[in-house]
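Look for chain A in each of the two complexes below; its partner is chain B in the first and chain C in the second.
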Partner chain A sequence: MKDTEFLEDTKITKCVQCGKCSASCPAGRNSRLLTRKIIMEAKSGMDVVGREELWLCTTCFLCFERCPKGVNTVDAIIELRNRAVMEGKFPEVHVGAIEGIYDTGSGLPLSPDGIRDRSMLGLEKEPEDIARNEEDFKNFQKLIKELGLLEKVGVER
Partner chain B sequence: MIGVFICHCGINIGGVVDIDGLVQKVENTTGDDVLVYQNLFVCSQAGQDLIKDKIEEEGLDRVVVASCSPKHHGAIFSKCVGEKMNPYLWEMVNIREQCSWVHRDDPEKATDKAYALIMGGIEKARKLQEIGKTSVPLTKDVLVIGGGIAGMHTSLELADKDFKVYLVEKKPNIGGNMVRLDRTFPTDDCSMCTISPKLNEVTNNPNITLFTCAEVEEVSGRPGEYKAKILKMPRYIDEEKCTGCGTCGTVCPMAILNDFDLNLAVRSAAYAPNSQAVPLKYSLDRDKCIQCGLCEVVCEADAIRYDQKEEVIEVTVGAIVLATGYEQYDLTDTEYHYEHPNVISGLELERLINSTGPTGGELKRPSDGKRPESVVFVQCAGSRDRRHMEYCSKICCMYATKNARLIKQEDPDIDVDVCYIDLRAAGRGYEEYYDAAREMGVNYIKGNVSDVIPDGDNLTVRLENTMLGEIQEINADLVVLSTALVPSEGTAKMTRSLGLVRKEDEFAAPFHMKIAPVDTANMGMFIAGTCESPKPIQECIVDASAVASRVSSFLKNDEMDIDLVTAFINPEICVHCGKCEENCVYGAITEGEDGAFVVSDISCHACGKCAANCITMAVDYRYYSDIQIEAQIDGILAADDDVIVAFCCDQCSYNAADLAGTAKKQYSPRIKIIHLPCSGRVSVNHIMYAFDKGAKGVMVAGCLKEQCHYIDGNYRAEENVEIAKKALSLMGIEAEKCEMFFMSSAMADKFVQSVTEMDVRC
Partner chain C sequence: MKYAFFPGCIAKNVYPSIEKSTRMVFEKLKIDLVDYPYSCCPAPGVLGSYDQDTWLTLGARNISLSEADELGIVVICNGCYGTVHRVYDILDKDEEKKAMVNANLGKVGMDYKGTYRPIHFVDVMDSMKEEILKNKKSDLGLRVAIHYGCHYLRPKSDEATYNVEKPKVVEGIVELLGCESVEFKDKLSCCGAGGGVWSGAEELGIDILEEKVQNILDVGDVDCIVNICPFCHMHIDSTQKKSQFKADTVPTLHLNQLLGMAFGMKDKHLGLHTHRVSTRDVVKAVKKAGKEKK
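And then the complex of A and B:
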């Protein structure tokens, strides 16, 4: 995405820096994430791609919902994260998550406790997901590979 | 002979459109009967003299001015041409707002478009006819709706000019919201002391007839002679006899929340809103009265009337003034938790610090009567917010500052914080007033409050202090929301029933924001005060004085000239079906003695629905006639073969297009606008005619639904567009090449989206 496109799509030029986003943010309340500041810096053309706090956003969309000027705050953060990944700048902890997604088809693979709980409730052992169908799962893994995501994060498969 | 005057408008048109080339092209493609001139500013005295000289020298009998929007300088040229000939024998072509400004990136195409528009104007001009006048009497009396400060001051000014005024107020007392206030910025005058003399003057002035507990139910007639039905609700107490002693109230056993105190106090069922109410006449709240009869027993004046009925009073007036004011926006069930007793609005705070309020002026919080140790003001609560009201409510920065100062002055130990996004202190003495508030210890925090969090009786206010980049949580005993000001229920109701144009935010729209701020699009109707937009008291007074002046100009003569820009019916073709009568919401069309229908020149509003929907085309217009509209289409399409015709309504989309021009928004030059009085003027024939002549697409743009200036013209247009779509399909043309759009005059973006959509489709 070009910078002009980024400004248009996220509508961050409409931002009046009121801070409703930061103060509404459940994640930012107890962390370094200040959505308003990230938006201001991105709008000013500063390099915010390497910022660790970009990864603290839980994409709950409360800031977007409350923004009085209609700034697509979450879209902006997601785009900045995309750029971060392309530049190889992202927290180490996400490598494991990507490995998990590639290997199991799920960001949160079922734990032994989860399997036990499901059987107690009389549910099938595994829920309906991408990994249940072998062909789908293969396509899914192919997709991830072709996107170059594994190379970007340095995972070998 | 037709004279075409092309304006450079300095570089506004001349900087984009090749004027020399344009002049040459028009000259080359028209006959000897068309003379073309150019001028740097045709609107200047020199430009006007040029028009007048050429009319005389060359014997011009038609004039075409190609310049800015007719909304901008139309009146100037109309007057100029009118000095030499009938003022309807000229046509204005808009090559600034709707050409050079919106196609500035493509000068060549802009020049081509200007040429096509001018050719349309020339062909239309050939078909223009002289339009005569008729005179109608003017009634000198005036109806003022709303007895707040704006309506009162308007009434007093008019009464002073010797007009008879009927002042109608819905509540039992006059004074509006201003009588609720404690003090007023930036002078800290006691509000009641300022308004009190006016309240009494209104009730005593022999030229003012005041109706309280009354509403205007219906208005009919025409400018200069409106008939209004006033519905006066019973007080169940004889107004003439009641002395205002209040004994009825003291014996009444009922306790009801008092609306005057914004439900922060109770009153009896026999009540006056407060002790200083004017007129000081009691009312019985019959919804709550148990008819115990105690009041009847104690009333020495014998004024109680359980059987009083509502009354309908009919008045005839020449002009109507709307001054129905604002109300507070309700923030219940939002992140501000207005439903919590200790989260109050600015207006409620006024009652809590007012010596005539429920606490006698002592600041106490509603839940437990505790004196708050910390008060937090939340600015822009519901204002400047796309989820609520997009506009700035204008007065909140200053009234919050005022109340913050009053609290600090009373008790410097109370912590007072004002949380704001931008502090707007524009006005004489305002900045100094704000400076002094900081000196008094009012703590201003820059940041938009995200949450007011209730914890029992107490509250926590959360925001980011954006100067520090830190999230702060402030403990507050009392939270005051500076809630948005929205049009009052009366404003919403009356703008609809008077057929006034409303802005997107539902406030009444002035005829022109800058140069006609208290006039409306309806002749003889005016607006004053906060029914137009949020504004401080002094601006309401300015409005009221301006309205009084405008009304007196409007009613200065005994008679008023009306141009006969009206519909007429050809009795030879009329088949007596009565569809035109049905379509006319003004009752201007009636059945004549021989069965043919006739139009009243006085009642006709010239919207065009009757003509557009006449099955035999017996109804037509003197101005914007079928033949003129078709000639304009001919002219444009003969000059350009790649055209999307946009029929635009004078009340909405035409202005939206002008606004897009002012904002220099760019769109396709294929769009060629045809100006009409109302989208309802568009007939199926007009649409099909445009396609027949080679238009690539046709769009009709009318007012927002429920907001047609002529009540339902946009719906008629929508129906006609639907019929045209079917006809097009039958002819093998895609129906999507014809479309109806709805927008207000403020929606420049919507206009650009709509024309862009058509550009893609066609």
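And then the complex of A and C:
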């Protein structure tokens, strides 16, 4: 049996397998993601942490809003993803985005096209954000390092 | 009225047309926007999925920046809202998490109080209908498909009053601008970009968007999709131009661009020409509607 205490706040034990979550799911209609099944298996103590389909949820929260038992399906998936990261079972594809946030402060950094469009529209070439404020940026990077995220995903800085 | 302005990464870096339109529209409505050294919100789908403590701490850092000036944040993106609004809600109810966040922020001389609930710009516009009408130059005469996206509506927080299955707030705003809002299948479903799917499962993101656009095309004669989120905007606009995309294309406008058009601002100033899917027919239709009125 797998420890499922970390899912307690999401109330998965209340699930009655009605399937409203999967019936509402835009990702499930187009992929192998079956939220109903993930919740059932997690509830029964199966180890679902390594399941690749956990990463197909768009976190749209339709399932959560429609669940008649108040199960927080999306937070359960997010908790399972967090656990997968702790166990080193995460998709490499997002590591670049995490590096980008650390290196630039932005999830999607300023590109040459962005600079061109900003100038053309009469905005300042570079936005007035964290990247332009040295002290804030240093503290931001320090925070990320202290929180241990880079280590978890094997990024050295 | 004055807000701390949180434009978010995409409106700043990828679709500056949305940042520009927002600044113009807010100025017209006499709402001051103040800039702060914000980082990424951080992205709920990616950062939140990897490490909740990092997500909460960096989100709280952003919210805390304007607290000393007694200003709350206004966001123009559902993704940013899905972080700052949710982080606010979580820390409001969970003292343990708030203590964790403050222990971390303390290391860089910062502190999170949680005194101002972040607000979505749609709620600001909803509260300013009279001013919007006063500033309207002409009816736009467009048939629009409203795309709410996800995190403005969901998860619904305790204090929200809208009907989560039948919201009417954006409809109320576009109708004020002389637009007709059409109903379509699965109107409230996701564009397909969130949760890390845009970057991590591209084909799935395309499939979900195709379904959405097809449902809109099935209604017939829709001039454009109106969105309230630069991330949805980017996915709808850019992904439709990808070679794998099979449906016909529909242009999309951020609600602040639509407001700008109704206020008589030039489409080039609103950056409509920087979109990937051509907005030329939308601009033409608006000009035609304006002339017919005269």
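By definition in this document, the second predicted complex is superposed on the first by the 143 of 157 C-alpha atoms of A that agree within 3 Å, B and C clash if a C-alpha of one lies under 4 Å from a C-alpha of the other, contacts with A are read in each partner's own complex, and residues count from 1 in each chain.
Heads up, the rule we're going with is that a contact is a pair of C-beta atoms (placed from the backbone, for glycine too) under 8 Å apart; a residue touches a chain by one contact, two chains touch by 3 or more.
Computed from a predicted structure; not experimentally measured.
> Mind checking chain B and chain C on superposed chain A, clash or fit?
fit
> With the C-alpha centre of chain A at the apex, what angle separates the C-alpha centres of chain B and chain C, reported to the nearest 10°?
After superposition on chain A, the angle is 80 degrees.
> Could you look at A:60 and tell me whether it touches chain B, chain C, both or neither (first, second, both, neither)?
second
> Where does A:10 make contact in the superposed view: on chain B (first), on chain C (second), on both, or on neither?
In the superposition, A:10 contacts neither chain B nor chain C.
> Tell me the contact category for A:117 with respect to chain B and chain C: first, second, both or neither.
second
> Using the touch definition from the top, say if A:68 reaches chain B (first), chain C (second), both or neither.
Touch status of A:68: first partner only.
> Per the contact definition in the header, classify A:129: touching chain B only (first), chain C only (second), both, or neither.
second
> Given the superposition on chain A, which partner contacts more residues in chain A: chain B or chain C?
Residues of chain A touched, chain B against chain C: more for C.
> Report for A:18: first if it touches chain B alone, second if chain C alone, otherwise both or neither.
The answer is first: A:18 touches chain B but not chain C.
> Give one of first, second, both or neither to describe whether A:36 is in contact with chain B, with chain C, with both, or with none.
A:36 sits against chain B, while chain C stays out of touch.
> Is A:28 touching anything from chain B or chain C once the two structures are fitted on A? First, second, both or neither.
So A:28 only meets chain B here.
> Give me, in Å and rounded to a whole number, the least C-alpha distance separating chain B from chain C in the superposition.
In the combined three-chain model, chain B comes within 5 Å of chain C at the C-alpha level.
> Under the contact definition given at the top, report the residues of chain A touching chain B in one complex and chain C in the other.
29
> Spell out the part of chain A that touches chain C in their complex, as residue ranges.
26-27, 29-31, 55-62, 64-65, 74, 78-79, 81-82, 85, 90-91, 93-94, 97-98, 101, 105-111, 113-114, 117-118, 120-123, 127-130, 132-133, 136-137, 139-140, 142-144, 146-149, 152-153
> For the complex, which residues does chain C have touching chain A?
These residues of chain C touch chain A: 7, 9-10, 12-17, 19-20, 23, 35, 37-54, 57-58, 61, 82, 104-105, 107-110, 150-151, 154-156, 164-165, 186, 188-190, 192-197, 199-201, 204-205, 207-208, 211, 269, 271, 274.
> Considering the complex alone, what residue numbers of chain B touch chain A?
It comes out as residues 335, 380, 384-387, 421-422, 446-451, 462-466, 469, 471.
> Which residues of chain A touch chain B once you look at their complex with the stated criterion?
Interface residues on the chain A side: 16-20, 22-24, 28-29, 34, 36-37, 66-70.
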